[in-house]
Amino acid sequence: MNRNGPVALIFHVLFLGFLLAPILIVCAVAFTSEGYLSLPTNGLSLRWFRAIGDNPEFIRAFKDSLLLGAVSSTLAILVAVPAALAIARHQFFGREAIQALFLSPLMVPHIVLGIAFLRFFTMIGLGGTFVGLVLSHVIIILPFALRLILAASTGMDRAVENAASSLGASSWTCFRRVTLPLILPGVASGWVLAFINSFDEVTMTVFIASPETTTLPVRLFLYIQDNIDPLVAAVSAALIFVTVAAMLVLDRVYGLERLLVGKGRD
Amino acid sequence: QEKTLYVAAYGGSFEQTMRKEIIPAFEKANGVKVEYVAGNSTDNLAKLQAQKGNQQIDVVILDDGPMYQAVALNFCADLEKAPVYDQLYDLAKMPSGKAINFGAVGTGILYNKAYFDENKIPAPTSWKDIEDPRFKKKLAIPPINNSYGLHALVMMARLNGGGETNIDPGFKEFKDKINPNVLAYEPSPGKMTELFQSNQAVIAVWGSGRAKALADTGFPATFVYPKEGGIVLGSAACQIAGSKNAAEAQKFIQHMLGAEAQTALAVSAGFGPVNKTVELPVEKQAGIPYGPEQVGKLLVVDWDTINKNREVWNKRWTREIER
Amino acid sequence: MVPYLLSAPGLALFAVLLLVPLVMTFLLSLNSFSFYGGIENVWQLGNYADIVADDYFHEVFLRTFRIAAVVTILCAVFGAPEAYILRRMKSPWRGLCLLIVLGPLLISVVSRTLGWALLFGSTGLVNQGLMALGLIATPIEFMYTETGVVIALTHVLVPFMVLSVWASLQRLDPQVENAALSLGAGPLTVMRRVVLPQIVPGILSGSIIVFALAASAFATPAIIGGRRLKVAATLAYDEFLNTLNWPLGATVAVLLLIANVVIIVGCNRLVERRYKQVFE
Amino acid sequence: MAYLVLDQLTKRFGTWTAVDHVSLTVEKGELVSLLGPSGCGKTTTLQMIAGFLDADGGRVTLDGQDLLAKKPNERGLGIVFQSYALFPHMTAAENVGFGLEMRKVGRADRDRMVADALKLVGLEQYGDRHPRRMSGGQQQRVALARALVIKPSLLLLDEPLSNLDAKMREEMQIELRRIQRTVGTTMILVTHDQSEAMALSDRVVVLNKGRIQQVATPQEAYDRPANAFVANFLGRTNLLPGMVGSGAAGTVITIADSVWPVSQPVPPGPGALAVRPEKVGFVGEGGLGGTVLARVFQGTQWLFEIETAAGRMMVIRQHDGSPLPAERDRVMVGWRADDMAVMPADPEAASAAREAA
Amino acid sequence: MAYLVLDQLTKRFGTWTAVDHVSLTVEKGELVSLLGPSGCGKTTTLQMIAGFLDADGGRVTLDGQDLLAKKPNERGLGIVFQSYALFPHMTAAENVGFGLEMRKVGRADRDRMVADALKLVGLEQYGDRHPRRMSGGQQQRVALARALVIKPSLLLLDEPLSNLDAKMREEMQIELRRIQRTVGTTMILVTHDQSEAMALSDRVVVLNKGRIQQVATPQEAYDRPANAFVANFLGRTNLLPGMVGSGAAGTVITIADSVWPVSQPVPPGPGALAVRPEKVGFVGEGGLGGTVLARVFQGTQWLFEIETAAGRMMVIRQHDGSPLPAERDRVMVGWRADDMAVMPADPEAASAAREAA
């Protein structure tokens, strides 16, 4: 495969620069020795990282967020994959409506969902529970998963699946051994995107999180409502480091490319 | 099986004080666990409304204005009698008897002393100083759904011949004179702090408690009450109607009114004590509306009138001022 | 039968967990509110009438969709080529860059927007840099302006576009691009005429995600835009949280929802029809 | 009883009828080829048998059982797809092993069978490679191995050898024949290569525009085509206009200035004579005179284009070292009366013949 | 000066050398075929000329200009891909028109040229169809039309006719020849069909494992192969072991009980005789005795497999109506001394020959 031309590379560098700029600045600020947000002009300090230790609720929230993200995105994938296949593969009555329904949470402002879920969960007694959080997150992240899986499965070469079933693969086996691996980049991206969205959701979660089970972004959000100090930057930076480390480990163990690109491709 | 008491209250420096100095003692004394739900007054009021009929919060702490509303919306239960109520100044009591002011701060003007000195601007002395064209795009004011912003609006009305019952002059003043200076109508105390720290704002209408917290970080910010008078902002607590832990909730409120808690709130969060038995050393009194005389020097606003008109004012505010 | 079975779990989930709360919200939008009385269980369309009649709301909605549209276009214009460039990169670099693109998504919007706020302020790095370079004399205003909101939202949302285009790029046969090159098409033409039409599903997915998120974005416009630059989400937020006028907030929400649905479904239709052969 | 029966099988795409009431019976162990011009419906027919396309009409039975009622994966047949349809995410060996895995063949057996199959198609060293990294012919051989390894009782082959060189193709042909004989596999082969069809098939089915034109053994179809389309499609044919009349020795046909005896009953009047190029030879006398326009080397054969008084003719002669005319030589061509077919000058047949060309 | 020059062109995939120091010069207007077994590097060579693969070594010049330095889209050559590589989102007509559009041909001209090109490949009615809705052969023809319509001065054809039936293929061959003659297009053709290569090419290039084996005119390569690989690859060859010795009439080779005069200088001792199956005939006497094992109809020819005392032999006879032996008949086969080649029993050559088989 040919490489990118100089123009493309310049574009690429600028693009990455744009993406990284605010993150780098947050990381830089995290090392300040001042009591307020500023670039570390008077020497580096780890005091704000140490301060995270004094706020165990950030760490607890981080764990909750991870768990919530993992559970809800996995559930969302389980629901989205069959639905995406139905929509991508079949012409049936109500197809458009079903698709619109599945994508609709995207179009409902999260603040509205937050209020709606809060009232609903309070009514059915799920208020402030982890189950409630998971269910609401499944709803809001499903469109992401669905959209990416749809993009991966529309226009997929059906002949390959035909080949599998001609060799005796049942629908399920055919799905598991052929369709799934082929749409895996879509499914994986879908999962990642779903996870990220769940992990990062604030607006809605603010309403349904209870003090016991709250997510990191909600904690951060509530925290900066009242104090913007370098602690937020330190938590963010720590989160960035953890993320990068996790990605690197994932890359080593499984291969990010393999996950997002799929096997047997260049 | 330990009971859990949910307390919804402000975040930030106030939360730190509560968590470190007030809650542990209460937990120990009563064998309950306290979960702190951070949020500003309006957020917490909204939560109460959402959970109506199935309240998860046991105790709520709100600014006095929103507390009137909470009481009016029947979110609060009656306060049980307890000896500690007899130790309070009268100004702590709220007319309904369902909520109690446990502290007070004052609304005034905060400014960046370093910036003022550098540019040889004299310290502000009057509410009208925020109209100084030198502060173009350098002024920050909370919007009127926040008590500080509301105070500012009422104050401007009063200075121009109006008041709570005739708010027009206030709107006019904001629209014509103040708006050009306003960098942001900023409700979030965190954001307000950040605007100061990044030197984008150098003057603001804000509260004494918040100002104290900012100054405590080492930032050269100074708080003054303008010569026309600062305004008192009460902070009130109530037990939520239908709470499953009513007894503990009542105890918690009583605990907050106790001398020990009152002292801690004063020293760490800048809340003027409402308990007569609290004695603060003079050096600790700076920036705190301390005792009836000092509190008495501050102006009060008429929440009844305000709350009646608030909806209309909000509407006008978003359309005329924040546009 | 098969497609219904396949979508059944999702349908069940949505029927219970989405439709019920939304219907509750819609019903709420018919209620009325008064400051001391709270929400009253009357059924009327007064809230809708208020919004339709008030040009303040028109302005906010218009601004919301203007921002969302610009952000969507920017994301498509920058995100799709970036995904394409990523795909053409050699192995170790590609993984690394993919990570850089996706990484920011894991960092809370709140932190990222904070980063922009630090960069953007009149005393922020961007303005200081530009002034140091002599490009500008007075600071450009990013904070509390639509430009700032658009830039920050683009930053927040562009990875979604990259990811979604990336997924659809995986299906492309590189020989097909070669064929176009052999016929004399330059790299840009190949991208525009051959690659682009084939990744339309990906761009469409990305655009829908980006548009919907941009139109209902709350945290970023709230932080960068401040209170004076209101968008529909912050408006609804205000009604819910500040004035406690939930019925009005619900009405704003329902209208935002309807507008979103109409715009997105409309564009979806249009694009799918235009490129129907790639969607088969 | 017939093993595979297609009964009035029909498929429409919109208003286009791709397969039009096709009926065919195939015996167990038979190898039947589908022949026909590009787009005539061969692939579509196979896809319906395999169950990947729903028929719009007609029935298919295999061993007496209704095949259309079964799911594709229960039909138990092997297919080589025209587009290969390899699993891109699996290596060659994994591709080949997939069907065995589905049949729950144990690991050890499977590995052995996969290795054998890959060896059979000459890819023993390529087991670990992914399809994207293989040449076209290699991919096609993987597809073939994948279908063969499961030893299906019915094998559908859609141009399975089109990207192989002659050597390899021949080997594969022999292999297919061997499998057919020893395993008794019934095969339906789609091929555009007529010599392949001729060499391999027990019977050929000639299709045009979705309709069956003729079902016969290869030699029968070649020597006694049912209609002008078949005649023209199966190898080249010289169609010479002439006049049928009665001579001393019975019916004759006069082509330009040469006269040929006719054994079939043909009405007198304008007629046409059909003779295959390879049945035409260069004769000393008593033939049709002409000039060599071009001679083209084709490996084992030479193709001559001859301009005669009755029009252009093609002549094929074996490249066996015997002396052959050069371009622009004047020659005399002739053929045996048995090798020619005479038909009345039928405008419709003529037009059909033109169309098939 | 040569038009296209490949100089020591090399490509490696990892440790695998797919193309190994290939050097070749092609004159303007020439049609050169690349022949070789599947996986020998034909496609890879074309892809390097086209610029889709970077060469690991060597140079390519076109008309004196360094081609490798140019971007693929500036090389101005036409390609038909083995996998077609049609634009799936465009109709057949749009596919064909794409190259013209790139050349800024006006709308009206373009439409006309596209229509002509589609007509040329017999798809005039399919202009509106998308590739996915076309048969394999139809897709291939669209690919061909797409490359032809831009009238490139250099045309690379990677098995462009592999999915077409004989009729269509022949028409297309004639068309390619015509274009080559009238437009003067230089063409490089990859094909697995030897008769196609023989019929079309000015010269053929035989490749094996990435290396050039022989470059020659078709007949030369066929009749005087450079080595056993070429001999074996280009059509079938009978290799019979024998003993070279001296007889009354000069050098002779004894195969089983038959004796053949040898005209080339060959050292006495064990040797091998190579003779092509189509050069072998059935003789009355004085030949090699054997039994017919199988006879296979191949359209214009019959292929016989004969068991002789010297091993199995293949014999091809034209299907021209002359009487031919049946299976299990005892026969006597013979050939002309000119048609045979005798070589010393070289173990290396023999192994190469086996490998190529």
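Every chain is named by a letter (A, B, C, D and E) in the order it is written, and numbering of its residues begins at 1.
What we mean here is this: contacts are C-beta pairs under 8 Å (C-beta built on N, C-alpha and C of every residue); 3 or more make two chains touch, one makes a residue touch a chain.
Chain labels with UniProt names: A, C = ABC transporter permease; D, E = ABC transporter ATP-binding protein.
Note that the coordinates shown come from a computational prediction; the quantities given were computed from them, not determined experimentally.
Centroid analysis (C-alpha atoms only) places B farthest from subunit E. A rotation of 180 degrees, rounded to the nearest 5, superposes the Cα atoms of subunit D on subunit E.
Centre-to-centre separation between subunit C (ABC transporter permease) and subunit D, using Cα means, comes to 58 Å. Mean C-alpha positions place subunit A (ABC transporter permease) and subunit C (ABC transporter permease) at a centre distance of 15 Å.
Touching of two or more other chains is recorded for residues 52, 72, 83, 88 of subunit E. Under the contact definition stated at the top, the residues of subunit C (ABC transporter permease) that touch 2 or more other chains are 118, 187, 240, 246, 278, 280. Within subunit B, residues 191, 194, 198 each touch two or more of the remaining chains.
Those residues of subunit A (ABC transporter permease) that touch subunit C (ABC transporter permease) in the shared complex are 1-5, 8-9, 11-12, 15-16, 18-26, 29, 37, 78-80, 82-83, 85-87, 89-90, 92, 95, 98, 100-113, 115-117, 119-120, 135-136, 138-139, 142-144, 147-148, 150-152, 154-156, 185-186, 189-190, 192-193, 196, 199-200, 202-203, 216-217, 220-221, 224, 228, 232-233, 235-236, 239-240, 243-244, 247, 251, 255-257, 260-262, 265-266.
Remark: subunit D residues 13, 35-39, 42-44, 82-83, 122, 133-138, 140-141, 158-159, 162-171, 192-195, 198-199, 218-219, 222, 232-236, 276-279, 281, 296-301, 303, 316-321, 335-336, 338-339, 356-357 touch subunit E in the complex. Residues 34-36, 38-39, 56, 59, 117-118, 121-124, 143-144, 223, 226-228, 230, 238, 240-246 of subunit C (ABC transporter permease) are the ones that touch subunit B when the two sit in their complex.
Residues of subunit B that touch subunit C (ABC transporter permease) in their complex: 42-43, 45-46, 49, 69, 72-73, 137, 143, 145, 183-187, 191, 194, 198-200, 307-308, 310-311, 314, 318-319, 322-323.
Residue ranges on subunit D touching subunit A (ABC transporter permease), taken from their complex, read 47, 50-52, 71-79, 81, 83, 85-91, 98-99, 102-103, 130-132, 146, 150.
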